[in-house]
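Quick heads-up: structures coming right below.
Each of the two complexes below includes subunit A, the first together with subunit B, the second together with subunit C.
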Partner chain A sequence: MTCLPGHTEKKLGLAIDLDTCVGCHACVTACKGWNDQGYGVPLSDQDAYGADPSGVFLNRVHGYQVQPDTGGAAQTINFPRSCLHCEDAPCVTVCPTGASYKRVEDGIVLVNEDACIGCGLCAWACPYGAREMDADAGVMKKCTLCVDRIYNENLPEEDREPACVRTCPTGARHFGDFNDPTSKVSKLTAARGGFDLMPEMGTKPTNKYLPPRPKDQRQEASLLAPLLDIEAKGFAGWLDRILGKI
Partner chain B sequence: MHPAPSVILFTVLSGLGFGFMAYLSLGLLLVQGGWAFVAWGLAYALAVGGLLASTTHLGNPQRALRAFTQWRSSWLSREAWAAVATLLLLAPVALGDWVGFGLPYFWRLIGGALALATVFCTSMIYTQIKAVPRWHHWLTPVLFMGFALAGGALLGLQGGFATLLLVILAGILAAAFAVGDKQFARAGASMESATGLGAIGSVSVFEQPHTGENYLLREMIFTVGRKHAAKLRVIAVICAALIPAALALMGGLTLTLLALIVHLAGAFAARWLFFAEAEHVVGLYYGKR
Partner chain C sequence: MGAQPKIDTSPKVSDEVRRTTCYMCACRCGINVHLKSGKVSYIEGNRDHPVNKGVLCAKGASGIKQVTAPSRLRAPMRRVGPRGSGAFEEISWEEALSLAVEWMEPLRDSGPEKLAFFTGRDQSQSLTSFWAQNFGTPNYAAHGGFCSVNMAAAGIYTIGGAFWEFGQPDWEHTKLFVLFGVAEDHDSNPIKMGLGRLKERGAKVIGVNPIRSGYNAVADDWYGVTPGADGLLILSLIHCLLEAGKIDLDYLARFTNAPLLVRSDEGAEKGLFLRNEAGKPVVMEGGKLVPFDQKGVRPDLGASYEGHRTVFAHMAERYLSPDHAPEAIAARVGIPASRIRGLAAELAHTAFDAPIVLDREWTDFRGETHSQMVGRPVSFHAMRGISAHSNGFQTARALHLLQVLLGTVETPGGYRFKPPYPKPAEAHPAPHSKVTRGKPLDGPHLGYPRGPEHLALNPDGSPVRIDKAFSWENPLSAHGMMHMVIANAHAGDPYKIDTLFLYMANMAWNSSMNTAAVMEMLTDKGEDGEYVIPRIIYSDAYASEMVAYADLILPDTTYLERHDCISLLDRPISEPGAAGDSIRWPVVEPDRNVRGFQSVLIDLGARMKLPGFVNAEGKALYADYADYIVNHQRRPGIGPLMGFRGEDGTGEGRGAPNPAQIDRYIANGSFFQAHVPDDAAYFKPWNAGYQDWAVRVGLYDAPQPYLISIWSEPMRRFQLAAEGFGDRQPPDAMRARLKQAMDPLPVWYPPFGDDGAEDYPVHALTQRPMAMYHSWGSQNAWLRQIHGRNPLYVPTKIWEENGFAEGDWAKLTSPNGAIVVPVAHMPALNPHTVWTWNAIGKRKGAWALDEGAPEATKGFLLNHLISELLPEKSDGMRWSNSDPVTGQAAWFDLRVRVEKTTPPSEAQPAFPKLDLKGVQA
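Up next is the complex of A and B:
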């Protein structure tokens, strides 16, 4: 049923650190790689080597420039965007077939591709652009939070987290249970002031974003300042004095 | 939003078909014999034709029956039920009008109400979507019902009443355009709230996440053709409402047929704008609307 569960036992999700993300797109590639062979139909590409390539990705990294209102240097912020596994997920309730659902046990939002008619209404309902229709299979694809990794006992324990988290070279992505106040993601969110995206849409996202730390002040003095007041000593100093007198 | 021809055909034709059905069902246009066959045949052709058109935009139409399962939460599912219930319930009524047997009036009453409920469900599919602020307003169901009732009255040869409804439709269209233009700002979503970076300063795109097109850009961030929007609005109001309103007052089958063609042209323009002008908040992530 595409009614939302009132309460989920766990609230699995990601805390994404906008301070440490370097925008390398490794999470994008790892996600595409894992989901090409795991849950559901592979993420297809169209005209992959042609003039107009296009394909399904469940994770996209945007780059933004933020200009402080107080003046000063603008900040460049890399911004990964994927499904937020919302508590009040509008994509689930609009589904006419029951293909879209939110799991009671861990809160993951999934699509049962065998029941999906590919009407696209769930993608319309999502404010975050988290869902993309697969042009080959005609079914809706979305982040599964690597449901086929996190519980997979055939994988070594350190690999039982989403592919994007496992691959991130800067540790900007954290995976855990937001229902557990002692979990890493809960603590990080509390300590760093993790925030929701577009709270005005009323979706109550599970995933949290950690804000970039304040940037250092721009140096107003010349970068050569340390070199400007060097006092010459020894022979160079004598030369400096003699030449100064001429 | 991408104005897909299948969805435009569906909403325009089915809306008109179910609207006309309501008039036939409620006995506001009394038809018998061969004329009943023509009238009911036209209503069914419009309604069913539109529904069939809508299935062509599905990725897996062979599973369409599954869309009947989620009536408790999904307006699309409710619409499927309402449409099928209307078509089934009114089939004996249509047959009765043609062959010449009567059904109790409450049967016709329920059929007519269901026909209008179908149009309401269609409108709610769009109205419920918060991520498209232009649609997320009570004027959307009013607009859809306005089209169904005015178009139905036109086909139902309601004369002065059709004229009245068509003039009201012109007003609804104008109101929907005016209110719709303010809806995105009213929703309060911005690049700052979308990224959550507004606390630092004003946000602009530094680099897009991909160089090519994708589903989101094609489906939700449709910006082609908006430059003619102002002209199309005028065409929509004049063709869908004002010209047919004048023609309906004059009456006659030829003029009604002409009015219908003009009304449909205007309705298609209005529905194209309904999609093309609707901006999805996901566009904020791309710095586009």
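Up next is the complex of A and C:
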């Protein structure tokens, strides 16, 4: 049993725009690439060229088909999923060794791999399926919010953001401090009605999802009016009318 | 809880960052390749790069796995067993090159056309075409014929450019963006970045596509059009705009051929433009004929002169006709008439009620100065979805006409050209095909015919080219027809060849129609016991299916181990505001006995003493590709790269070769840009400022303003031939088809796949997933975990009719055959359409995948259902299953029948396992 900090100085996290995500998986492999050589052990792949390849990804994108209740056209929603860095993170409190912890300074939920025994309790406790066991190293892996990028003095200032945010081609991923009401993520969340994933779980996720804007809104009231009755006036009549407008 | 662990938040990232250019698709983004201990450790986007500005797609970020892939070819190989058996022996490069020369060199004198050289994912076409031209064979092209030549050619013939590398929406100003038929996989990062910017600004995005995934998933509104009917929809939108008078008359009068007079007198000139004695087209102004380009001219769009009417009148009359009304076409298009009228209204309101006005003075080619740049903030993008049909050329032309009527081409908020475009058909070369034994071809192979005189025909009317490009069957086949090469060479129609030389083209699998038959053609022997296609040389970096059918393998490097140039002579990386080109350079050295294909080609050219590759003494001109990139001059002062030219490296576009050019590129992030001045940024085809700039940087040798071709004279010339005029006459059986297809105004006709398709009620499509688009092989260890399976996606109506449930399989039958495949339900789909991811399915044993890999057991290709030939016609011939104008492979004409079936143990048809262990790893 591990304790959560009562309060964190910052609440770093992501605001993910479901209105803009095209499901391209750029964030998935940028994350894999960075973290394969970043914090902790590499993200191993098993049977990489085989019949049942499986590897660790700290971020995955799922596509869903949605049929609106209102009866409109069906939609495809792309939904990136990774650790939400919850305030009440059940993955931390369930950890028997203290390996899982939430950082006091920024709220990032991390795994101290030296203390992780690979029991997998945290993955069971996480309602979001955000943790993945590394089969090679036997330790639990999860999104670190690129803790080895965001403060990294060896990187140019503009690159001190998570790899998934830096790479996202549509700009659907935003990084910042949710404790700061003037931050971009706080403002976007306020403006766009950013929501918690599965709030009923009581985990108080830090990451927010910005909902898709309403789709298929038709404006049939403003249809174009014909210049004139072409059937009655003929093509010559149409030509005279339109060119008279020059 | 104990003390929080201390962690290092500032680890060293890498030893070194080398900036080069991605090759996972044709976007050619800038990448930062991080190295640790000399090995690639991480790849990210280059923030300074004009194409991707730091972002990178799923493929680009997985590039590290391209280098470590077990499917990498390891050394040159010569076939020692039967073709297709995978029995190869390793040979030295000297042996490999000598063998290639031994095969090819004699053909130069005995018949250069016996060498067919076709390249697939080639990004060095200005070199490969130059090589083929100097060899002397007429048989060269890259993969455009089975990709998207309809889109490219229709754009060039209409507005002087198309989408993607030709031009793009004015992302900063556009207010309404409409995507037509863009497969999920197209124009990767630029379009994603553009969509992101539109979303940020609250601009509206509309998707017109049978499948609502990818970019269409984020569209604010979706029109689930039935495949092959896009042209009908577009012409109906034009009908609505004309009916309401919502068109940009001033734009049409100034910048298009709308005011030109079309001759009405019977004879060989009917339908061509009325010209003055100097040969210049004329317009009517104040009842008088004047040259179209006279200063201050205000042409009368509705004029007639001795019975000759304007293009405008012809066009308006055609599309105003009731058969183009939404109510007349709604059922075929699969979209209610009210929605089509709603879309037309939305286009008109945005274009005309919310114009963009920039206070920027500019002067047009007639010498008239304008104080402002006024634009129509509606923009479009389209790609293979509308072009891969047998009516795709005319559909793409219709889309350009729609842009033109709205006045959006090259105006603020609309569509913008990227240098060297604008470049109309007249500014491109015509195709060349005159073979002289032992000599180079008489000019570049590929080009834009202006009339029947430019067809590649022998005196007896037979096609000169093995793919029959530029023949009556497909007159404007500007990118060649690679998809016909193997079938034609096998049939000896129009003739037999000796050596088939392919680069990066998986013709034994996903890049061919009728794949099973193609594999048989590759291994078929004649009565003499010899292979019908006697020799096959293949270059690739990976153990693709095609490798198994090679007689000689020339193993290529990966993109991180080579020099390349992305050239203004080819497909550059320009932006609307800047001409741009770039390079690749070996950021790591290959760990095996492989060589960059372009250096190998240059070596082969020198060994065969091809002009352009040796000096007067017969000595090699270039040591390798890097040497060629720096020192080759296509015209004096103009070479493959535009940047850092001249002895001091200050030349932009023009200048003597600079020995330090590649180093300068590397220091600059591997790219160069020449910026278009602000007053030249829009109205480029007519803007004197732009034309002068383009001459200065070497894109043109003289200003070349032109009018947009609403009415296409080149097409009318082919139609005249079909009507019996002129010396070069088509076969009688082809006249009716030419009259229809070569209509000088955009027209819609049903896709040829509809013929005899009564028993095949469903349309079947493919697209590549974004995470694999253009990427060479789904063997990438990370990407195959994302897309390792490709079910057939089935809409709700067909799902329910068949009583499908998750885990079920279907038999899919077309006029060409049947396949048995797994299904999945997808509601956000046109109700008459099924689709799957293309090229996920792999043949067992290829790409170094395990025999039980899902790609090989459950993956499948639709290609087996698509014939490369249409059913027999009245002349007893089977014509190519391609667009009759350009020869673009009509992949998306496919019609099928779907039936639930018993699940087999693996997808059908299944093929014997390839044994490629010897060539890889």
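To be clear about the criterion, the second predicted complex is superposed on the first by the 215 of 246 C-alpha atoms of A that agree within 3 Å, B and C clash if a C-alpha of one lies under 4 Å from a C-alpha of the other, contacts with A are read in each partner's own complex, and residues count from 1 in each chain.
Simple rule for what comes next: a contact is a pair of C-beta atoms (placed from the backbone, for glycine too) under 8 Å apart; a residue touches a chain by one contact, two chains touch by 3 or more.
Only a predicted model underlies this, so the values are computations on that prediction, with no experimental measurement involved.
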Contacts of A:65 with subunit B and subunit C, given as first, second, both or neither: both
First (subunit B), second (subunit C), both or neither touched by A:53: both
Subunit B or subunit C, by number of subunit A residues touched: C
Partner chain(s) touched by A:120 [first = subunit B, second = subunit C, both, neither]: first
Partner chain in contact with A:234 - subunit B first, subunit C second, else both or neither: neither
First (subunit B), second (subunit C), both or neither touched by A:3: both
Which of subunit B and subunit C A:21 touches, first, second, both or neither: second
First, second, both or neither for A:243, with subunit B first and subunit C second: second
Contacts of A:129 with subunit B and subunit C, given as first, second, both or neither: first
Subunit B versus subunit C as contact partner of A:148, first or second or both or neither: second
Doubly contacted residues of subunit A, that is, touched by subunit B and again by subunit C: 2-3, 23, 28, 52-55, 57, 63, 65-67, 74-77, 98, 115, 212
Subunit A contact footprint on subunit C (complex, rising order): 1-2, 4-5, 7-13, 36, 41-45, 47, 52, 54-62, 64, 70, 188-189, 192-193, 195-197, 199-200, 212-222, 224, 240-247, 249-250, 253, 300-302, 313, 316-317, 320, 338-339, 341-342, 344-346, 348-349, 770-771, 779, 781-786, 788, 796, 825-829, 848-854, 857
Residues of subunit A touching subunit C in the complex: 2-3, 17, 19-26, 28-30, 32-34, 36-39, 45, 47-55, 57, 63, 65-67, 73-78, 98, 101, 103-104, 110, 112, 114-115, 147-148, 150-155, 158-159, 163, 166-172, 212-213, 215-220, 222-227, 230, 235, 238-243, 245-246
Touching residues on subunit A, where the partner in the complex is subunit B: 1-3, 18, 23, 28, 52-57, 60-70, 74-77, 79, 81, 90, 92-99, 115-121, 123-129, 132-135, 137-140, 195-202, 209, 211-212
Subunit A-touching residues of subunit B, taken from the complex the two chains share: 1, 57-61, 63-64, 66-70, 72-77, 80, 125, 128-132, 187-189, 191, 193-197, 199-210, 212-216, 219-220, 280-282, 285-286
